[in-house]
Amino acid sequence: MKFQAIQGEGWLLTKAEQLINWGRSRSPWPFPYGTACCGIELMCALASGYDMARFGAERVAFTPRQCDVLIEAGTITKKMVPVLKRIYAQMAEPKWVIAVGACACSGGVFRTYSTQQGIGSVIPVDIYIPGCPPRPEGILYALLKLIDKIEADHPLYKQRPKLIEALEAYK
Amino acid sequence: MSLKDRVADILGKDLVALNEFRGDLCIEVPKGRIVQVLAKLKEEGGFDFLSDLFGVDNLDLYAKAAKKKKKSQEESEDTGETKGKESVQPRFEVIYLLLSLSTNERLQVMVRVPEDDLELPTVTGLWKAANWPEREVFDMFGIRFKGHPNLRRLLMWDEFQDHPLRKDYPLEGKGEERHLNYDIA
Amino acid sequence: MADWQIDLIKVVFIWVWALLIAVVMTWVERRASAMMQDRLGPNRAGPFGLLQPLADGIKLFTKEDIIPERARKILFILGPPLFALPAFSAYAVVPFGDKIVLGGKEIILQVSDVNIGFLYVLALGAIGVYGMVIGGWASNSKYSILGGLRATAQLISYEVPMGLALLTIVLLYGTFSLREIVLQQQGTFLGFLPNWGFFKQPLGFIIFMVAAYAEANRVPFDLPECESELVTGYHTEYGSMRLGLYLFGEYVNMGTLAAITVSLFFGGWGLPYVDMSRFLGPVSYGIASFFVFFLKQAFFLFLFVWVRWTVPRFRYDQLMGLGWKALIPLGLINLFITALLVQLTT
Amino acid sequence: MAKQLETICITTGPVEVGDYVTLNIGPIHPAMHGTLRVITKTDGETIVSAKPEIGYLHRGVEKLGENLTYSQFLPITDRLNYCSAICNNVAYEMAVEKLLGLQVPPKAQLIRMIMMELARIADHQVCVGILGVDLGALTPFFYLIIQREEIYEIFEWHHGARLTNSMGAIGGVEADLPERFHEKWPKLRDTIRKANDETDKLLTHNRIWMDRTIGVNAFCADDALNWGFTGPMLRACGVKRDLRKEEPYLMYDEVNFEIPTGKHGDVFDRYMVRMLEMEESVKIIDQAYALYKELPEDAPLMKKVPKIIKPPEGQIYHAIESPNGELGFFIKSDGSDKPYRIKIRPPCYMVYQAFEDLVKGEMISDLIACLSSLNVIAGELDR
């Protein structure tokens, strides 16, 4: 009974979750992992005409520690796969991945000996964008979808079962 | 004097075959003399720029030709030809694309490399530009270049076993994966 | 009110003020750069994106905190606060207004009028460097250590010309106290020029300004960070709020340097040609003097942003060359001439 | 000191401990444009050795070409140099046309020329913009990118794609210049010039920019030729060589343009050569457009080509001047509907292999500047 606020959907926790989600969705700092053609369109999406910075995705840093969204734009070859895995592992939670373009989604036209057929089998992907390459509008749309996804998240709920378990032990 | 005559003049008996198609001249030279021939062409012929260097695998071409021949043989039942001559034809070709900066003429110099002796002398001494292309030929066809300063795989990773541009290597590969062990020392 | 209460209020006020400037500056930087580049800049969080810094803060606070396995843990944790805190502390000696009369009591708008305010500022500036160096070294990453080493060499060598430029001011006004210096800058000289350090020491001002940009790690002197070469330099391995402190500290540092520039070279809270205390009440005069100071500071803060998005970055050896071969000789010559003039005129 | 540096936290690869520090730059690094990697040994900030490693974007394009028909391979060529896909398309189309032995109608040639020069401008704009970004000047990049969007607009009108254009077909081009091109071009010409002007004002005479670029990575012409340099890189070294003049293709012999050259082959010269080439490209488009307008409206655009292209047996090599230099296609045909062997000669492949010679003894910052000024595009480098 004492722990109702934690067990149920208490007002305080819900508001706290909303606040956290608001903050996270308003500043998804991207990690522009642009390897090929899609990288150029990603560049356009970041630049003046489309301006991804409007959604707070402005501070483009190439260090995985400081980024939230891994925007994987372009072909991943088998030679590159270990690097991608490592970059993803180095990112701090919470982290999201957007796979831009046909190559990142499924290997695209390059069904060859050296191309990874989609990054989905290597790292978990949140949003797939089709197209070869997708237009900048597509990338922006994916970002908006990701923002929706972040807003529907339960950042505090994830740890709650553990917490409840600990509190039960206390009784 | 046309380019054809000039090249024949410079090379003399080093010229094995000469072939012209759509204005592109391709000459074949013996495998052992490639460095000398290219040096001669550079010094005397004025071909001072190495545009590119690459390999060709003729496996399918020979297979097709053999099939065709067999078919025609069966049809005409001509027994005069000796069988199996194609199989001893060297499998690989390496083509050097030369360019003369003064006259803007291009020349393809071809050497044939048999499968049982996959070795060629390097031309990095003549042109530094041959460095990576030779590595790529090694990577893609398995032809070794004697005397190359750093003959490692160029495009595929070091642990890769096959030579992908050979005709008997499947397009989608044999399922190779790259794994890295980071030693955290 | 007792004296300690007033001091406490002043401390809290200056602290909030410094924080606010840093927070707003992160927004200004992003919007102003967007303006210069034909973009819009962040405009989704709150009106005009004004809450963008808050969103960033929330996100950074709730982010996973990573300390690399092979990092020196204590130093790694110590780095960011060591960088940000000295910048805050330097605000203590900044005279952010003249005085205000509340309840019959005259309050000086300065936390502490230390008579060696100058040395205090220089000393704290030098301590801030350690935050970067320690952060860079403790991360145990090559990019970080290169950034940290660059920071050491750059900031320490630019302390010297900065000190030389400041010494001329000391010679001119004969005091180390910032408040005294500001008071002496009121009025005019030669009949028409405001009695500002800028007009009396133009060369000193330029040297000071260049050194200030180097101290604040801003383009064209942002070599310790240097996004295109060292990924993000000394804070490559930092994430979450530790990174936040570094980014934040940079803006606080900018605020401090702008405040010092205003106090030393642009007459602090005073308006040129106009004596506000004559026609304003004691309370409104205090507030007005603070706003004048703030406007001047805001201009210099904007200048930081302006320069940041206009010029390319120096190379490391050119940076050191500029410091040692150009600024220090110039500073020495300037000091010599000033000393001579002061000796002759008094 | 060296002991402290044993682990690399961000990047991968072998670590050596010695008197020099091994610094691994790439494959994911802000200045490595995607997938390049350089393993450097540094003495302080000075580079002792820099070994480029490539292949991180090797997608097997050549092998793929052997398994596709001649027409199917055309879209794959887009993905070589994706900054100027049209140049790759036209180079490939012309190589196949040479193999078939056919001549394209003049109107198609002019449309190809106009589009190629637009692509060249777009490519150089990216290169100059990125060079600015890597040297710390971000703003010019944005001015140039806005301009690029306008060029993309024309591409979109003509063949429906922004980046990977797949323009034309073997035997000519499919569509005439779009209606709106006639109004757009005069405006676009002014805005391109304006953007270049703004960049020029922001960078060229900027003292810091000059310090950072003049005399950096200077390279002599003999070495450049020995290493197989072509294009702007070679011209920056002072060799006046441009395939558009030396081996005129399409109708480049009917237009007047200059070949800008540098003197020292340093980063500044490469930058200036690219800036001036954009100006020349504008001139070429003007003249080509004038020639285009002289042609009757219903002039043919395509040569009659069979649906399934089966060239005769033989091998040809054909090269054009792409924005980065000589882009050549070697095609060996065995008489079937698929090429027997396709070899692409990418311009930046030859340039990038000289990277160690270019940057040895310079500083880390110069390495970054050098790399961006080479304009190495991983797509065509690794194929």
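For reference, chains read A, B, C and D in written order, and residue numbers begin at 1 within each chain.
Keep this in mind: a contact is a pair of C-beta atoms (placed from the backbone, for glycine too) under 8 Å apart; a residue touches a chain by one contact, two chains touch by 3 or more.
From a predicted model like this one, the values you see are computed outputs, not experimental measurements.
When you average the Cα atoms of each chain and compare centres, the chain farthest from subunit B turns out to be C.
Comparing chain pairs A-B and C-D by the number of C-beta pairs in contact, the larger count belongs to C-D. The chain occupying the central position, as judged from C-alpha centroids, is D.
Work out the mean CA point of subunit A and of subunit B, and you get 47 Å between them. Per-chain CA centroids place subunit C at a distance of 44 Å from subunit D. Between subunit B and subunit D the centroid-to-centroid distance comes to 27 Å (mean Cα coordinates, whole Å).
Here the CA centre of subunit A is 32 Å from the CA centre of subunit D.
Shared interface positions of subunit D, defined as residues touching 2 or more other chains, are 7, 9-10, 12, 29-30, 55, 58, 60, 63-64, 142, 146. Multi-chain contact residues of subunit C (touching two or more other chains) are listed as 37-39, 70, 227, 231, 236-237. Counting partner chains per residue, subunit B has residues 155-157, 164, 171, 180, 182, 184 touching two or more of them.
If touching chains are joined by edges, the resulting network of the protein chains shown has some other shape, matching none of path, cycle, star or complete graph.
Chain pairs that touch, as defined above: A-B, A-C, A-D, B-D, C-D. Residues 33, 36-39, 68, 70, 137, 139-143, 145-146, 219-220, 222, 226-229, 231, 236-237, 309-318 of subunit C touch subunit D in their complex.
Of all residues in subunit D, only 9-10, 12, 27-30, 33-35, 55-61, 63-64, 75-76, 78-79, 82-83, 126, 141-142, 145-146, 148-149, 162-164, 378-379 touch subunit A in the complex they form. Note for the complex: subunit A touches subunit C at residues 19-20, 22-24, 26-27, 47-48, 51, 53-56, 58, 61-63, 65-66, 68, 92-94, 155. Residue ranges on subunit D touching subunit B, taken from their complex, read 6-7, 12, 15, 54-55, 58, 60, 62-64, 67, 98-99, 101, 223, 225-228, 241, 246-247, 314-317, 319, 326, 328, 330, 332, 334, 340-341, 343, 345, 349-350, 353-354, 382-383. Only residues 155-157, 164, 169-174, 176-180, 182 of subunit B touch subunit A when the two sit together in their complex.
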